[in-house]
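Look for subunit A in each of the two complexes below; its partner is subunit B in the first and subunit C in the second.
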Partner chain A sequence: MTAVEYFEPADLKQARDLLSRHPSAAIVAGGTDLVVGSRSGKRALPKSLVAIHRVNELRGIEGQHRGGLRIGALTSHADVESSSVVLRDWSALADACALVGSPATRHLGTIGGNVCNASPAMEVGGPLIIFDARVELASRGGKRTVPFHEFVTGPGRTAAKAGELLTAVILPASNRRPPVGSAYLRLEYRQAMEIAVVGAAALVAVDRRGNCKRARIALTAVAPTCIRVRAAEEMIEGKRLGDGVIDEAARAAAALARPIDDVRASADYRREMVAVIVARAINRAVARAQEAVR
Partner chain B sequence: MKQALSLSVNGLAYEVVIEPHRNLLSVIRNEVGLTGAKEGCDDSECGACMVLLDGRPANSCSVLAMQAAGRRIQTVEGLASGGKLHPLQTAFIEEGGVQCGFCTPGMLMSAKALLDSNPNPTEAEIRRYISGNLCRCTGYSGIVRAVQKAAASSR
Partner chain C sequence: MRTDYRRGDGLEKVTGQARYAADMVLPGMLEGRLILAGRPHAHVRGVDASRAEALPGVFAVVTHRDVPDRRYGSAVKDRHLFAKDVVRFEGDVVAAVAARDADTLAAAIALIDIEYEDLPAVTDAEAALGQDSALVHDEWESYSLGYDGVIRDRNDCAYVDIVKGDVAKGFEEADEVVEERYVCDQSHPVPIEPHAVVAQWSGDRVTIWTTSQVPFNARSGVAETLEMPESNVRIIVPHLGGGFGGKCEFHFEAHVAALARKAGRPVRVVFSRHDEFVAPDKVNHPMTIELKTGISRDGKMTARTARVVMDTGAYASDAPSIAEIATMMAAGPYRIPHLKVEAHAVYTHKTPAGSVRAPSGPQIAWAVEQHTDELGRRVGLDGYEVRKRNLLEAGDEGPTGQTMTAIGALECLDKAREMIASTRQEGEGVGLACGWWFSFPSASSVELKMNLDGSATIITGAQENGSGAVMGLALIAAEELGLDPARVSIVYQDTEAGTWDMGSSGSQTTFNNGRALISAAGELRKRLFDIASAKLEAAADDLEIADGSVRVKGARSRGVPVADLAAAAFGQGELLVSRGSAATIPMPENFGATCAGRVAFPAFADPTFVCQAARVLVDGRTGVVTVKEIAAAHDFGHVLNPQGALGQVEGGIVHSIGMGLTEGTQYSGGRQLNPHLLDYKLQTAADAPAIRVEFVDVDGSSGPRGGKGVGEPPIIVAAAAVANAIADATGVHVRLLPMTAPRVWSALRENVSLGGVEGAASPPGLPASGEGAGQ
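Then we have the complex of A and B:
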């Protein structure tokens, strides 16, 4: 084991300065992925660690002008899943955070760390896609925001440049007329410490007559990154939502999946299950849109 | 390069000097000398290493020890006080919540975190809260009964 340098910035300015001096350092938030990953040999332990858990300005959920939401990178999954505003207006994200790891993982693990780990199976990936989320990156040079779907570029890969730190996930305000519902769910073998076999996030806006005005559907764990499936959205947009239409959308989503064979499931099984999980996600989103009316 | 680290474990301060990549479990077991928390999977799957950090459960195998500086760490050794077992420990014994015993320290710490935040959990809430703790003897029924009994005895 080579010597490891460890730094603990007290605020964002110190963090940016440290990262500009040590651009190849690994950033540690909760540490739940990094510590396990380095030990199993999946990734070599980096020579420098910058632990950001004391940078309190990166923690917390705050409303933005015109109804958007800013979730600090260090906000734990437990805090996201129990946030009343997330539960009400971004239900699919609350669903996803409630599925991550176990109660222990959800207290320690952070939304920023989860996004930067860039797992194709990340629970929050689908929800962040359907909500058009952006991520905010800071470096000594300044700040920029990037759409989430452009930020994650492959398994374990992101568009963050050396010296950049993810500081927040931003959910833009969205049109809530007609009423909107969203949901994320996954196929799993165990209810804790599980990695999604297949996951699906759905958002629907449903009018009084039961017609779908807008739809967003995204898949988890069936491609190198979480993916949006527009062909499936188009199957339900402008149509009255019934089982036949929803099943067609689910089959369209399955046709776009590019899953792999691994220890958890075969590619064929995953593709079959995409249709099942997408249909469930749409149905749950519709039920929530209808609840929102009452 | 080794670094000095101050840890507060069960209310006592410990000064250790460690390589900064060390996980909290290995430091608690090998430097602090408390071997209640167990290494099961070493991969955050089994929960045998569960400790409390500022009152919330944490898989100590997956936390950098350096990141625990300044936080209140509780292990199973801190449950009993004044020579008297914690109500959870008594209930685990009475309800057969202990078989081989390897998962017990982690189960007890998860259960403590649950009852501290929710003194009257339903059975479903108990099962969900200990979902990150595996019992390879599959003694879950006794464990759940024990948590229910401890909750009732504290009312």
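Then we have the complex of A and C:
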């Protein structure tokens, strides 16, 4: 670690001002990526750091009118995974946050930091895609919101401009008729301290006859960013959900994956696992949709 | 024996007060780092440190020019402290730097120019055995040996065999012959505390605080390589944060001592996790294991040939003795009348392998025990029956001729089968595995002081690695002297205090130092009885010691406190102190028609036996294996400290499951691809299965109070039991270790594509066809 300029704004206004004066500064929240990465020699700390952990306005989960949800950037994974409203209406996001790292990581790491780190293996990425999430960015010039899937542009790259701070993740209200279920699953080699080898998020709206009215499916860790797989969604939308249909959708998702070979798995294995994990994610989402009826 | 014993260092460790080598801070101390080659094989054209040395705050850069030009190595003297003209693996040390702080150190390292000429790397041990292979050590013939008996040929730095009976005849007697090949990747000990060394000179004497399991080896290594008397080298080991063999042998103490000497200041070097994976010459051998065994229709093994090729990496380290153990493990704890077993330890350009917890044991047992199940299957016997008919019993002859005395192998088998849940859910399988290991007799000694208040102090050279073996000495002394263990202190961790000890390796601490302590305590007790005899007007033979007093047997009221006896002795000018040494234990007999035994292990002294059963769940779609339950039955003779032994068994099992399923180093061109904890996947607490443990009590050990070595056996067979459980669940044996999810998945697919035809021949290295997936 080398000597850095370090700022610790007390509120959002100070944070915006600091970022406008130091546009190349890196923003640090929980530090579970930036600081750990620097200590392990992965990459040096940036020259200039703005630590936002005291900006309490950015912490917390609040409902929005007509049923949307606003999750402050500093909200920890632990707070998201234990939020009753997230567990009920955005289950896939609770699933994802419960899988991140270890209990220590989940208490320190924040959803905003996780999103800005823009890892292709980001657990929350798939769920945010299926929920049509947007991210809110603030700078001294004002605020804007960007769809999550446009915000992450590549491994470690985002659409945030210099001087912009991610302030919240916004989950828009969605139609819950017919009942909706969602789930996020990943292939894991062990039960904790794991990173996604393949992850899949699924959302389904299922009517009383078992027909899928609406579907969203997204993949994690099998492309440069988390990706939505529309072709797979189309395979189940409007159809009665059974194993055959779900397997077809899962295979369509696998065909869209662009996995790499690395120490965690071969590309071939990853592609095959996409089909398995997608099918399981859809099944779990369906089960949750049916539970929601009861 | 008490089961509620709390080890003396427990509270400070769990409350974070314990201090480790990396916590050391000395006035004026510099930060140091070793510069590793970072490439598997190269000529070192030159090292130019002039720009680094000119940087303010840099105190020293050390290379081979700063230390005596001599080779060292425990078995083969084949390496230098700092590479001279060749680097042979990515962790070879080329230079070391000391600077005032971490930032200056990083800047200095960036300024050191090392010119390499990269050379092709030898990475395949089997190919390296060929007469036409490039040599890892051009000058191998000129190397001197650390001990006699090492048989070498080019890259083969240790050849060992066992020859017993007539294998051709044995195979003729067989009704079925099974021939298989198993392949194991490198794996690591991974102590949570990485290596750390602090060195401080005072004149021509050096004190070194280090993370060593074997401080006396470290001392002799420093003395040998820096050419100074051992009396000028003091090794202190603060609390050790685990070792598992990774901190055995002399490692980096001399590098840091040389650096501190040149810098003229104390220097601390703390390894990064990357360097911890790459540099220490102690990893589990990658190996190939070829087994061919005959079995008769009535389930008796008739003959075995086995060939084990151990990829020992760039330097021999202690591989020759491990090759001997490997031959014993390949023979297994079975009655096989005709045997031909050979093992080779082979140089390659990889991280050197060495004695990690039960070296060669988990890998070979994993192969042998799957092989045993397959042998049983061929003659219609399940895993229990085939073992029952072949396990060694008292009176049987071991692989090298030793006659078994009372042993608990069969009892372990029965207990493990009893303990494992008999019901299983869909996708689950159950497997059994048996193994054996040895106790390691060695010279060992203890000094024992009776303090004037009747408390006692042990002074020992034994090393605590975290297992609690040294901590358990207080319990032994307390029982021998009739004291509360809380009134027994232990002076250890310092080569200036205790006498020479082999260190925490070979499961030997309690086995040898415990015997020395019992002897020392016996002498002290005798002296106390002599003094008490006059006071109590009773013959010394009629006395006993308990609850802090010496008293007349059968007359509890007639006693005198030990403190009074110590005071009485003091009044006569006598201080109560004694010394005890472990009596020599002769190695069991050996019929000699074999190379095994030339280096260290002609047979297994006071052998320990184990059987573990595993229940696993296999996700057939992904290949992910979850271990639900392990039942472990161990013959440790008589267990001295049940709490301590239980901890060793549980830890060993989890470690073994990691080797079996999720660990394993991947290599590409002589470089480790996953030298970090994200992708070298240890088992976590969340992965640990339910574990049941039983100790089978067996008489006849020559260990202290009939105990045998405990530290290593628990790791040997859990991976094997898991493998057999996977096969039970799926019908497929996985013959690559670790049995990662992608490998299990591939093996299942391979089986389907072969049609799952029972008895179909499968080429070596590929999964044999089983009964078909899903059965």
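Just so we're on the same page, the second predicted complex is superposed on the first by the 292 of 294 C-alpha atoms of A that agree within 3 Å, B and C clash if a C-alpha of one lies under 4 Å from a C-alpha of the other, contacts with A are read in each partner's own complex, and residues count from 1 in each chain.
Keep this in mind: contacts are C-beta pairs under 8 Å (C-beta built on N, C-alpha and C of every residue); 3 or more make two chains touch, one makes a residue touch a chain.
Here the structure is a predicted model, which is why all the values come from computation and not from measurement.
Report for A:V276: first if it touches subunit B alone, second if subunit C alone, otherwise both or neither.
The second partner, subunit C, only.
Give one of first, second, both or neither to describe whether A:A192 is in contact with subunit B, with subunit C, with both, or with none.
In the superposition, A:A192 contacts both subunit B and subunit C.
Mind working out whether A:S266 is in touch with subunit B, subunit C, both or neither, as first, second, both or neither?
A:S266: touches subunit C, not subunit B.
Just to be sure I read the superposition right, which of the two partners does A:E5 touch: subunit B = first, subunit C = second, or both, or neither?
In the superposition, A:E5 touches subunit B alone.
Give the label of whichever partner, subunit B or subunit C, reaches more residues of subunit A.
After superposing on chain A, more of subunit A is contacted by B.
Contacts for A:G31 in the overlay, against subunit B (first) and subunit C (second): which applies, first, second, both or neither?
first
Based on the superposed arrangement, let me know which partner A:A253 touches: subunit B (first), subunit C (second), both, or neither?
The answer is neither, since A:A253 touches no partner chain.
Contacts for A:A104 in the overlay, against subunit B (first) and subunit C (second): which applies, first, second, both or neither?
A:A104: touches subunit B, not subunit C.
For subunit A, which residues lie in the overlap of the subunit B contacts and the subunit C contacts?
1, 3, 40, 191-193
For subunit A, which residues are in contact with subunit C within the complex?
Within the complex, subunit A contacts subunit C at residues 1-3, 40-41, 187-195, 263-266, 269, 272-273, 276.
Once bound in the complex, which stretches of subunit B touch subunit A?
Where subunit B meets subunit A, its residues are 1, 3, 19-21, 23, 42-45, 47, 50, 53, 56-59, 61-64, 66-67, 110, 113, 128-129, 131-133.
Which part of subunit A faces subunit B closely enough to touch in the complex?
Residue list for subunit A touching subunit B: 1, 3-6, 8, 28, 30-32, 35-36, 38-40, 45, 49, 51, 53, 78, 101-105, 107-108, 191-193.
Can you name the residues of subunit C that touch subunit A in the complex?
By the definition above, subunit C touches subunit A via 102-103, 106, 272-274, 621-622, 624, 661-662, 666, 673-674, 676-679, 681, 683-687, 740-742, 745-746.
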